[in-house]
């Protein structure tokens, strides 16, 4: 009798299994959005069209790291995106249709990225996505948006693997870490003429990746890397690791990571034997007002690199003014990527303008496949980080790295590369 | 009284002799391996003696901060047998309060004044931080822990986790995400050199203060009437209540003591490392908890010893073993595991359990 | 051959000698009692027998084999079961489940067998449940099997402890103050039960008891401990009149008051 | 009597003021827009209702008198109202005189303040508010507190009336899940516009409540035929659910059920065996990484080099999802035993911190052993599960796999709970020493608990890796352990259906709360604390299985219930004719 029940249960499980094996009927009636078709087994699905009725908005999704390990840059990126939406709307939107930002919290994590991606994919009114903030989060978005045929432009995900030839919806304005690391190493070796450096990173995807690229490039140039040490995001006491580095007396410390840690390292270096006269250099994650404030006097004479290319000073000033007026805070107080965020939204908006058509009923129609191509085809768009041109795999960043030195509590540009 | 019995009961099992020797042998082996590694790798790097001295000082300062927080953990644990997971965040609140007090005194211009005035201001800032922490700690006890007295052991733990998240993210919402930066007054800026070893003033202050506060705490618990009441409540709440001790008051007092120490730690850490952020209490809190367990939770000198040991291990360990610093937490936790394998109730934990048996 | 033979058992805690050079021999199907003032080392001696403590000196032979150094669960498997002075049931389990835990060493089913409910496991569980009900009936708790142990009245908890101990099929049962805290009627029933354990189940019994009425009326032999040393041994009436015992208890007046 | 009532009112008012201040400081008014003031007033009324109804017995005396109750309510309301109005006035004055509050209070922007007055932000900046506008706030809040006090009276009046006892009431919990399920189906119909942009979220919430209500209905049903029928309905409904939901809802429920799988495993360790494990994420990580190594060896520099040297092409998965299952399970098992051995002697909180350390060690190794794990850059392009060439990597199929996994694990856990091993676990949890003396081999029993728990977590980890297709060390932080432990405790320690409800509440609810994005962690944390205070035993406390089928209800237990011994005693004497009656 009980054996029979066991068999029955087993049979039920098998039945359940087979139920999910059987392909879902095309356009399952209950589901508002078509179920994602299997990615590789069948030919690339097409996305169809987004039809926006008069009075409705053009909805652009945003995946921002509002909670999680680095909420500061996430908030900055979101607010910059809102400014961009305001600007697009102030310029009249598309044929009278206004833009709307649908902000979601990607929490800088892969599983939240997945959930956000699915939320956007399930919403037939989402036209395109800006984000995600972190690379892990963007990896969560990537496969889902690819299946759903929703293009995205990430302002700040720098992992080289985010874009690839297989993925036609994947774009970013941020530069892959590779360029920045190479330029920084070249600057330290050739311009500063230093031969012996120590490399630190914060063990984040971004920081460690950059630090590794810097290290490899520097060794290739012929320099010596005395230490390669990791710390953790959120650490505040770096004296022990600095003492260890100090014993080897490097001429410079390169740090891959974000501003708070960078500032503390710059500060605590000064107290460390062997590092009193060493220079300090960090990356675009640390190129913020926050760094200047937190490091105080210790910031003087330190170097920062920033992926900005031919930044358009007047556009940036205009943006900053609007930002302060709306949010009451300087964008650079929060994080480095506001420019990229603004540009990625503008990039999406301009592409939509190119492909959107008004049909006979007065609806705005956007063809998803055309939009994907239109974003890829962006050329010479004037953003605040520079002139944006997307290449064949979706690297749209204004290709340049600038190097700054801190003088009298201000960043001063001393070198620029690749513009 | 507790429904779920996680605590040790009166009867303890003996260890089989063979196992005991096996464990001891293993311990000796591990020690030998570590020593070998230190000699062949760590010392072979040829660091100067001043390097080891300055690492030791870094470790002691770090340990001093851990100790102040660990004492709070240990106090609350000793009395309520609960892990106050939000204790690190209580410290963070102290850091924030101290920051605002610092801004206030800077606005008054006290910090540019004569040394005595600066010193007075500093003491007042620390006091403000302690006040902020005490307020938070007592509120927490009243709102999140007191209704749970007598519930199974894990329930207050979950409540504490909730409280911890609530504190962190409330601070995030109210004060925003940017870190607050402490400006050190000139009096405690920098440090001095002793035989080629740099000692920051703030570090010295932290270490001395933590020793002093621990001593005070020990005296309060051992010598005063309230301390005696605390020990009585720790032994047995029911009996203590029968003896006319107001258990609620004693528990509140415990939270006041623990939170005050955490608040002092928060402010001093703020001066030492210059930033406070909404989540800057979490990692020190976790480490302090580890330290408290390492020393034998519920034991005041144990918390101190555990914290200093943990700090020194974190500072010296990676260099001595010749491995990258990102492994420092692995070293710290491995030491914890090893120590607990050989001494299952922490370094000084036995003292307590004997007293309670 | 004696079922249990303890030779020169000594247990020291720090500086305190809790049990000192105690010899004890128990024959099969005997009801033996261990008495003595509070702190005489009776429970410590029990803990040595069941493997909770390891004695510093001496040897304990059970069924002819030394049990020194065995784990408590191994000793239980050999056939020694016990109850506790302060009742220690598994409070949040039902009465039947407590007895099923008692049968643990006699059952063989594996986790995988339990998940798949193999015929072997099923049969074994059925047998175990049947046996648990029988034991419940034996101690007179029929109908209370589904109550949580902590909800049982005090006297029933004592009985359940006995049933749990019986579940492991012991040859020797150690009862630590079985009649403590009971009223005279309950005590009498407990004495009756102890007799039945020996007469119907053939179990040898060693008990610690303060209630002299119980000790004197059911014991075949009484051993008296004082300050960890054995000071007297013999039939109840012999021990009762032993001057050393009277001295240890400071007269018969104290005798009654030692009852907790 | 009047004075204590006013005192009490003042105290409550002070607390209400603190709460209102908090809500203003975190920027809630800005979020709520025009509705800010009414909602704050509603919150105030609710708070006064809660605060005034539960008085200690001493205070009940004046609680019973409406006049005194109103005195308390109004004095409290006046306090809170005036204080908050004064505070707002200070903020507004500072703002209008050009002081920027934002460096200190992030949310104290003119729009936030303006929302409280229902005026344009410009009016705040320009200082154009009349003094009357401030008093308006105080007045509204005072009235709200009076409403709260009145609510107490209404409640008391309602309670005083006899509640109607209708047996049909029992059908409400039984039929609720069915009604909810129909609601979910209706919401899914294309033409339904209910809820507007939030329709998907409402539907998700409804689906989650359906699952939870179904479990509660099963418990409310009479054992026997009724429960069997309901179980069948429930299983059918849950099995059909994935096919009705869209991919967002499926993906949320997918992660919920991955956590159910994990929670069921942790429930064995913590709930059954009583071993507090704060590093449970380690096994989840082991499962995920093991599958990642087998499925995407090309992502790991060391592994791909090894494979190439062996002549095996490293650009394809080594094993499929199904073939990897046994290996992942074995890895989890070994991980559990390896953790178990060193901690055998540890108890309670020592165990907690060592397991926490173990979890951190595993995460840090994954972060730092970059040659093997690719460090923070993670293992990419992990293969989703395939069955007969059909890709199961989409949210719906992952949800179904999660359901199946949860069902299998729940079934196993249930069987184990009622087995010899399960009894040994609980005995060990209750009293470790007695359990050993009763014959339980502690070493074996503990190791089995760790190993089986770890095995289930590893399964969950493998499914997680297959769902994400890219995994990073940051996915396996301490917070995952905390989440898992919280859901076990919120659900009810040792309770299997409780784990499902706990996971729905802890992993599902935050997704529903997405609408309040930045407030969701605070809301969640407050809910967690409240939950622990209101219902510390969890949503569904675990119960022991009945083995004797004759009792309807447990007999009343009290001091005066005679024990069996007492009842048997006369019988023994056999001279008492009353003896032996039951």
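Just a few scattered comments:
Each chain gets a letter, A, B, C and D, in the order it is written, and its residues are counted from 1.
Quick note on the criterion: a contact is a pair of C-beta atoms (placed from the backbone, for glycine too) under 8 Å apart; a residue touches a chain by one contact, two chains touch by 3 or more.
Everything numeric here is computed off the predicted structure, so don't read it as measured data.
Taking the mean of each chain's C-alpha atoms, the chain closest to the overall C-alpha centroid is D. For the interfaces B-D and A-B, the C-beta contact count is higher for B-D. Placing every chain at the mean of its C-alpha atoms, the farthest one from subunit A is found to be C. The centroid of the Cα atoms in subunit B and the matching centroid in subunit C are 47 Å apart. If you average the Cα atoms of subunit B and of subunit D, the two centres end up 30 Å apart.
For the pair subunit A and subunit C, the distance between mean C-alpha positions equals 71 Å.
Between subunit A and subunit B, the centres computed from C-alpha atoms are 37 Å apart. Within subunit A, the positions touching two or more other chains are listed as 67, 203, 230.
Multi-chain contact residues of subunit B, defined as those touching 2 or more other chains: 11, 13, 169, 177, 324, 326, 329. Among the residues of subunit C, those in touch with two or more other chains are 52, 71-72, 92, 117.
Residues of subunit B touching subunit A in their complex: 45, 47-48, 50-51, 54-55, 58-59, 61-62, 169, 172, 177-179, 181, 183, 190-191, 196-198, 200, 269, 272-275, 277, 279-280, 282-283, 314-316, 318-319, 324-326, 328-329. Listed in rising order, the residues of subunit A touching subunit D in the complex are 9, 12-13, 16-17, 19-21, 23-24, 28, 30-33, 35-36, 38-41, 66-67, 69, 103-105, 108-111, 114-115, 118-119, 121-123, 135-136, 139-140, 143-144, 147, 159, 161, 203-205, 207-209, 230, 327-329.
Residues 50-52, 71-73, 76-77, 81-82, 84, 88, 90-94, 96-97, 100-102, 104-105, 107, 109, 111, 114-115, 117, 121, 125, 128-129, 132-133, 139-141, 143-148, 151-156, 158-159, 164-165, 168, 182-183, 185-186, 188-190, 192 of subunit C touch subunit D in their complex.
Within the complex, the subunit D residues that touch subunit C are 411-412, 415-416, 418-424, 426-427, 430-431, 433-442, 448, 452, 544-548, 550-551, 554-555, 557, 561-566, 568-570, 572. The residues of subunit D lying in touch with subunit A in their complex are 100, 102, 109, 185, 188-190, 200, 235, 239, 242-252, 255, 367-368, 370, 375-378, 380, 387-397, 400-401, 403-404, 407-408, 411, 464, 467-472, 474-475, 511, 514, 517-518, 520-521.
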